[in-house]
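Have a look at the structure that comes next, please.
Chain naming follows the written order as A, B, C, D, E and F, and within any one chain the residues start at number 1.
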Amino acid sequence: MAFVDMTLKKLRDYLPARPEPTDFDAFWAATLAEARTHPLAARFEPVESRLSTVEVEDVTFSGFGGQAVKGWLTRPANAAGPLPTVVEFVGYGGGRGLPHERLVWASAGYAHLTMDTRGQGSAWQVGDTPDDGPSGNSHPGFATRGVLDRDTYYYRRLYTDAVRALEAARTHPSVDPARVLVAGGSQGGGIAIAAAGLVGDLAGVVTDVPFMQHIRHATEITDGYPYKEIAEFCKVHRDKVERVFDTISYVDGVNFAARANAPALYSVALMDDVCPPSTVFASFNHYAGPKEIEVYPYNGHEGGGAHHVARALEFAQSVVG
Amino acid sequence: MAFVDMTLKKLRDYLPARPEPTDFDAFWAATLAEARTHPLAARFEPVESRLSTVEVEDVTFSGFGGQAVKGWLTRPANAAGPLPTVVEFVGYGGGRGLPHERLVWASAGYAHLTMDTRGQGSAWQVGDTPDDGPSGNSHPGFATRGVLDRDTYYYRRLYTDAVRALEAARTHPSVDPARVLVAGGSQGGGIAIAAAGLVGDLAGVVTDVPFMQHIRHATEITDGYPYKEIAEFCKVHRDKVERVFDTISYVDGVNFAARANAPALYSVALMDDVCPPSTVFASFNHYAGPKEIEVYPYNGHEGGGAHHVARALEFAQSVVG
Amino acid sequence: MAFVDMTLKKLRDYLPARPEPTDFDAFWAATLAEARTHPLAARFEPVESRLSTVEVEDVTFSGFGGQAVKGWLTRPANAAGPLPTVVEFVGYGGGRGLPHERLVWASAGYAHLTMDTRGQGSAWQVGDTPDDGPSGNSHPGFATRGVLDRDTYYYRRLYTDAVRALEAARTHPSVDPARVLVAGGSQGGGIAIAAAGLVGDLAGVVTDVPFMQHIRHATEITDGYPYKEIAEFCKVHRDKVERVFDTISYVDGVNFAARANAPALYSVALMDDVCPPSTVFASFNHYAGPKEIEVYPYNGHEGGGAHHVARALEFAQSVVG
Amino acid sequence: MAFVDMTLKKLRDYLPARPEPTDFDAFWAATLAEARTHPLAARFEPVESRLSTVEVEDVTFSGFGGQAVKGWLTRPANAAGPLPTVVEFVGYGGGRGLPHERLVWASAGYAHLTMDTRGQGSAWQVGDTPDDGPSGNSHPGFATRGVLDRDTYYYRRLYTDAVRALEAARTHPSVDPARVLVAGGSQGGGIAIAAAGLVGDLAGVVTDVPFMQHIRHATEITDGYPYKEIAEFCKVHRDKVERVFDTISYVDGVNFAARANAPALYSVALMDDVCPPSTVFASFNHYAGPKEIEVYPYNGHEGGGAHHVARALEFAQSVVG
Amino acid sequence: MAFVDMTLKKLRDYLPARPEPTDFDAFWAATLAEARTHPLAARFEPVESRLSTVEVEDVTFSGFGGQAVKGWLTRPANAAGPLPTVVEFVGYGGGRGLPHERLVWASAGYAHLTMDTRGQGSAWQVGDTPDDGPSGNSHPGFATRGVLDRDTYYYRRLYTDAVRALEAARTHPSVDPARVLVAGGSQGGGIAIAAAGLVGDLAGVVTDVPFMQHIRHATEITDGYPYKEIAEFCKVHRDKVERVFDTISYVDGVNFAARANAPALYSVALMDDVCPPSTVFASFNHYAGPKEIEVYPYNGHEGGGAHHVARALEFAQSVVG
Amino acid sequence: MAFVDMTLKKLRDYLPARPEPTDFDAFWAATLAEARTHPLAARFEPVESRLSTVEVEDVTFSGFGGQAVKGWLTRPANAAGPLPTVVEFVGYGGGRGLPHERLVWASAGYAHLTMDTRGQGSAWQVGDTPDDGPSGNSHPGFATRGVLDRDTYYYRRLYTDAVRALEAARTHPSVDPARVLVAGGSQGGGIAIAAAGLVGDLAGVVTDVPFMQHIRHATEITDGYPYKEIAEFCKVHRDKVERVFDTISYVDGVNFAARANAPALYSVALMDDVCPPSTVFASFNHYAGPKEIEVYPYNGHEGGGAHHVARALEFAQSVVG
């Protein structure tokens, strides 16, 4: 993949209009209020992981519709809390994985909650949380599940889970509620931005090559999946294109970015045809809080990789260290 | 795709053991009994289709779990019934389509009911029936939706819909209940075989390059989708392979074929890597009723195409003409 | 395929210069005059098709060079004529198919003549008409057959066949000569435009994602076949590029569009890399008769599919109903 | 491409039945007799090529149907003839090329006639000879041109050209008629074998990875073009498969090989999916004259390349040196 | 990738002849003796990694030819040694990576040395050790670097580095020399087997989908890289095939496996076309020490992934716990 | 590949800034001076090639670091020298080949020296010259071998070989030192331009679709190899991008072009995604000597092929005839 989008100079100034419905805030307020009618019921159960430097707990809490959502909480063994904490969301197709898969945040001294992704977890990292919501007539995948109605759309459920995951994390004795960051890459990065737009008191946001930003534009400029799922759906349902994008306007990351206030570290890759640079910059340029962005010119959707992990550790330390 | 499987000579003799659970019949009896606790509620409403030689009706009936399932009923205009009838099921990813898409059976003098495919209809031909059932953690697509439990598996719901579609068709005044065939290609052909195994009094079965036959073997010999979805699921859920195939044994077409009694016309293509020939012959060779098979040596999954439509018209006439 | 061409806004205004040779009209007048020196010899012979709502006749008439060209005429059974009529041309690689393959126009009450495509019919829908003309040194395919001389070029023969097919249709007792439309998709759409430019008294034109429009531009912006055949020929015959495009200027659809007068319905798809949008809009914007265009943003060369069939039925009714 | 076929051990013994029609010899005798009713009319005209060590002449002679066929004759400048001579045929899609493209045989002291390939020469090396014969309804390419009738099949014309090219070469004063070899790779190798089966007094045959050998088997085991053209034709014309292979039995190289008597050098590559090893060995094992075969285990259709050119020079010297 | 090789039943019995040169042991004894003429010069320097549960040291030691080779040593912070230890080798194209990339072994209580791979580390995980040895005329990549002579072949250097890495690890105060395992996947698994064949006193071997086993066979049955590099080299150097495989016989893992004595855990994937199952089983079946193998039927070269990490932790504990 | 770059009109004016280090000339002066400290030691040994119109000699001379570099010298048999001479360099991955592979220049009356390419010659045309220099941590291939330091970069060695090859050619009795051209395609064209910038007294330059021109831009606009190797290296070594391009500025062809004075014939292809047109025009437009460029609109990296060989013969004759 050569450079797939505008020049970097243009990207830095790219501030497209946001497709924001007038009742965006009301929709999300009602959605979260409904979720909160179910008891949070956060549970943390120790897991035998064969690891000794960290302790792992199996997490359960009530997400959208009161459905039980899973996760792992990993933290330094015998740490005297409360700890700065990272709540992480996972990329498209993956779930929370196995207890020993994601060790870097806990090894760096953080409490680290990885939220499972409802319905996903069968394409790479395993998941354990089904998606009980309605799926409608969808293109294979999750990006068009229930998309014909904003109330049945999959990402409404998933973002609500994320807000509840933050609430669950803050009930754990090792977690310092004042020092909670959200983090994630690709879909996980999109969820992190949504959480930052919906939850007002986060300490920081680490979002890498985020998905679900400036979505309609994405479907027009890339053939990469999973944005392509939406285009494929519209290809068949030629008469429902506007209805699809009406729903999608309620979950577009640019609208959450415009509401966020926590310090954010974005990353973007100029050869990324999965989450093209102009979609990431559209989100970054609309982001309302303090912000920095790391640009990786020769990378695709893998973005900054291990180099950027170091950068993220540095950023996290700067906001909660 | 060159010849993708055994020689034709070996295919004709290929009779592998069937993966049949001991409670197969009990499972399906209970499943259908549960479905029949919901009133069938078959409705047929005339549609304005701009067509004049045929009349089209919008069909609704109660499928699995009592969920409303859609279809089209198309028949010669002003026909004096009752008519011989074809109930057709659709290939993977498609739905019932638009009223003017499938005209050949009605143009040939049959009442023709096309059943919509729950949840599908966003990959090629449009669909209008959501899938309200649980989807669990699935690989994108339908072949692993709810696969970790035989009770939640998608194909349990879909095959039940098919049985109910037959019951609905038989309530229509133009349909002659004694002259009902089932038909379909690929997934539709697999549903037709399932229906033939579950419903004892059909007049004929037309099944082309059927999917969901000798399934585990298929996942071992082809990379073609949608069988590949199952392999992809097992690739991630390495610890659940046997559980997956335990569920799948309840929907494998070879088990339905062994219970069918209606005259059947199969077709198979020797360069088909979507539904490889040995999976089709496994089903055909286990088929318990009178049977014929048309072999297309130089075809892939498109099978016999329009040539075979003529063959199917001839076959249908021979059994109900 | 993401959006493959200019923005829709620019497409609507795109009016490139036409590569029109000064003797364009003389060339075609002479060509048609030559063809008409052969008796038309239109014959219609009933076919046994197993269909009952429509009647099918096997058509033969004299095309270019007096060569016998085949077709099917399909019409509502027992219709009291004369009927509004659609003469349809077929997409690249296909022929007239089998008698039961294309039922929608007759089912909607039209007489429907499908013209076979000389030499084609071995890539998808079968054909029965050989191409007796000289083929020269051509790249595999039809787009460069005889291209080094305007007199030997394949599309000269094919367009002439189309004009003769219209003349043949009008000899049939069921056809109302005052209510004849031409229709087709891709190559068939290109032939329809050529016919509309060569025949002055058509009732309408239905042309979907037409091929052979603004041809040289197409070879510069897409790698899609069959335009690519021309580019491949020029790749080898580096010294004959201008000679190729001199020939091609005699068959470029933009020149026929500028001469047409019948009401036209175009369709175009913004992700179509076979017949890119700017080539379709170049033709549409030059079209001299009343015109409408349906834009399918998320479609490739499949265009509007069954949705657009409904749109075409509506359009046809509006002009001949 | 890993090893694509049987083990080398099995290949050496592979002697399948030949699909030989009873009137094979009569067919070819009549075909050549018809061609010889046209005067050979061989002409050799000097060409300005900017080369000094060799002289090049533009060749014209009467091929099938008396049609003018082109070629180049290249020979060492100022050579005292008569010379040993190589008549070379070209691979699929190519023509005779430009005068300076094939220098190795003349540089090694041979008179070298490269025959143009009728109709071809627009896919890689340019050609100048049109194919005036009937092309029928063919799949794009040459392998199914006119294939529904043995009399109209393209390869009947092409092999006849080859026999006439040999006759033409022998009229040139520099050519020693007693020391004429035929040579070629892929399609050119297939033509060489055909020529060896039709012409009794050749000094040698150099055939590399030959095409058109054991043809039906080839269409069953490989997806490589151009054999795939035949499979694609049969894919569409499902009802004409036997008719296709009846025609093809008249041009299958295994039948010519069984009639040849000149010493032959074959080459074969074990990773060749264009002309799979078992098709080449079928021909080699049926070859009736003295024979050797060079096996290239890690090569695809490029075969022995420049290494094998050295081997061929050595072989040629051994038979005519 | 469907099943790519023999049935599992045949794989379990597959014991092909080993291509073992008579001076195999002498060659390696001389090679290691030469390497040991250079002082080992193992150095361990603390690294600032932002991690707190583990400590990381930058490792340097003398490998083949006395060249400085890098690595990381990671261990639980403040652990009271000596510890059981894992020396890990990296897959093809990767280097030692960054200090925070591989945390699982240290998090489980082991000292963990990751050896850098000379010359590699520019395709995925970064590397810091150049390859100073001669590279000859090689196909792009490492598998044919210097392959025309066993003394200049790249893998001679790399395996020697591995032996020296073990010697270096054992000089570290936290390492218990009696409890050292080797581990690795793909190329890393091949190096682990080589080390186990060259070093007599290891506590265990964890080798996943190992590369460089039964090599010539691999080049004949798969098109996957990096084995394909060897085939590509032989494709061009047609005259040097035997010379290539003579060199390769000195580094084939089956010969090392036949000399190993430590308990080994292999893994293999039945859809792995990079390191096909028969090459892995050839090695496993020749392995001379206690052994187990985990079979992943639906996996490709990713093998058992995180599930197998748990299995490897269990195995390691069983041999050194 | 459709047109891959700017319009031809823009290309003709495209004159980007050159990335020229201030010590460019000093670097190369020192590099060549170092090479010349080694005796040139040019040797020419007759080869038995089975050719008679030309004589071939095996060439050896001292290249970079005094390393022995190979070549072939081919010339008309029994020519009375001194002759105009072409020194040719080879495309990426290839070596000097076999003695009978490149005959056109000698057949046209030139002495023709083909220089081997150190380390290459295992991807298509064979090579016989190893690359003894350091390779560092490189991406598979040659474009990043030693790229982290200008002194260790592979192309420093290769360009130095080229200058020495010219010096070697001029010592041959058949070579007229006043009439020496350099020639090559792709990488060979890039070497020719470098040689023209480093050697002041050449008679002409024939450079086809040259590689290594305007290099950083190339890595940003194409995914074609071998430019992609550099992008892949930067993808992994995210922290070393500027260091890579600092090295590369010492070998960028645009800097050599700006120093050349010999008459040059360039060729460029508008559908070339290996060496995109804007990189070729950047070089051409900076070229300081007399110059012409041939544009092939419908070609990819094969460029003008045999047609352009004729053009090059004409050009060569015009400058040294």
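FYI, contacts are C-beta pairs under 8 Å (C-beta built on N, C-alpha and C of every residue); 3 or more make two chains touch, one makes a residue touch a chain.
Just so we're on the same page, UniProt names per chain: A, B, C, D, E, F = Acetyl xylan esterase.
Since we're looking at a predicted model, the values are computed, not measured.
*Asks:* Show me the overlap between the contact partners of chain E (Acetyl xylan esterase) and those of chain F (Acetyl xylan esterase).
*Replies:* In this structure, the chains that contact chain F (Acetyl xylan esterase) and also chain E (Acetyl xylan esterase) are A, D.
*Asks:* If I compare contact pairs by residue number, which of E-F, A-C or D-F overlaps with B-C on over half of them?
*Replies:* Equivalent contacts to B-C are found in D-F.
*Asks:* Where the centre means the average of the CA atoms, what chain is farthest from chain A (Acetyl xylan esterase)?
*Replies:* Result for the farthest chain: D.
*Asks:* What is the chain whose Cα centroid lies farthest from the Cα centroid of chain B (Acetyl xylan esterase)?
*Replies:* Farthest chain from chain B (Acetyl xylan esterase), going by C-alpha centroids: F.
*Asks:* Just how far, in Å, is the C-alpha centre of chain E (Acetyl xylan esterase) from the one of chain D (Acetyl xylan esterase)?
*Replies:* Centre-to-centre distance between chain D (Acetyl xylan esterase) and chain E (Acetyl xylan esterase): 50 Å.
*Asks:* Counting in whole Å, what is the centre-to-centre distance of chain A (Acetyl xylan esterase) and chain E (Acetyl xylan esterase), each centre being its mean C-alpha position?
*Replies:* 37
*Asks:* Quick check: how many Å separate the C-alpha centres of chain B (Acetyl xylan esterase) and chain E (Acetyl xylan esterase)?
*Replies:* 50
*Asks:* Which chain B (Acetyl xylan esterase) residues touch at least two other chains?
*Replies:* Chain B (Acetyl xylan esterase), residues with two or more chain partners: 125-126, 232, 307.
*Asks:* Can you identify all of the chain pairs that touch?
*Replies:* A-B, A-C, A-E, A-F, B-C, B-D, B-E, C-D, C-F, D-E, D-F, E-F
*Asks:* Can you tell me which positions in chain D (Acetyl xylan esterase) touch chain C (Acetyl xylan esterase) when the two form their complex?
*Replies:* Residues of chain D (Acetyl xylan esterase) touching chain C (Acetyl xylan esterase): 93, 95, 119-132, 134-142, 144, 232-233, 236-237.
*Asks:* Across the complex, what residues on chain E (Acetyl xylan esterase) touch chain B (Acetyl xylan esterase)?
*Replies:* 1-3, 271, 296-300, 302, 304-305, 307
*Asks:* Contact residues on chain C (Acetyl xylan esterase) for chain F (Acetyl xylan esterase) in the complex?
*Replies:* Checking each residue of chain C (Acetyl xylan esterase) against chain F (Acetyl xylan esterase) gives 219-223, 231-232, 234-235, 238-239, 241.
*Asks:* Using the touch definition up top, name the residues of chain B (Acetyl xylan esterase) that touch chain C (Acetyl xylan esterase) in the complex.
*Replies:* 50-54, 76-77, 97-98, 100-101, 103-104, 106-109, 125-126, 306-307, 309-310, 313-314, 317
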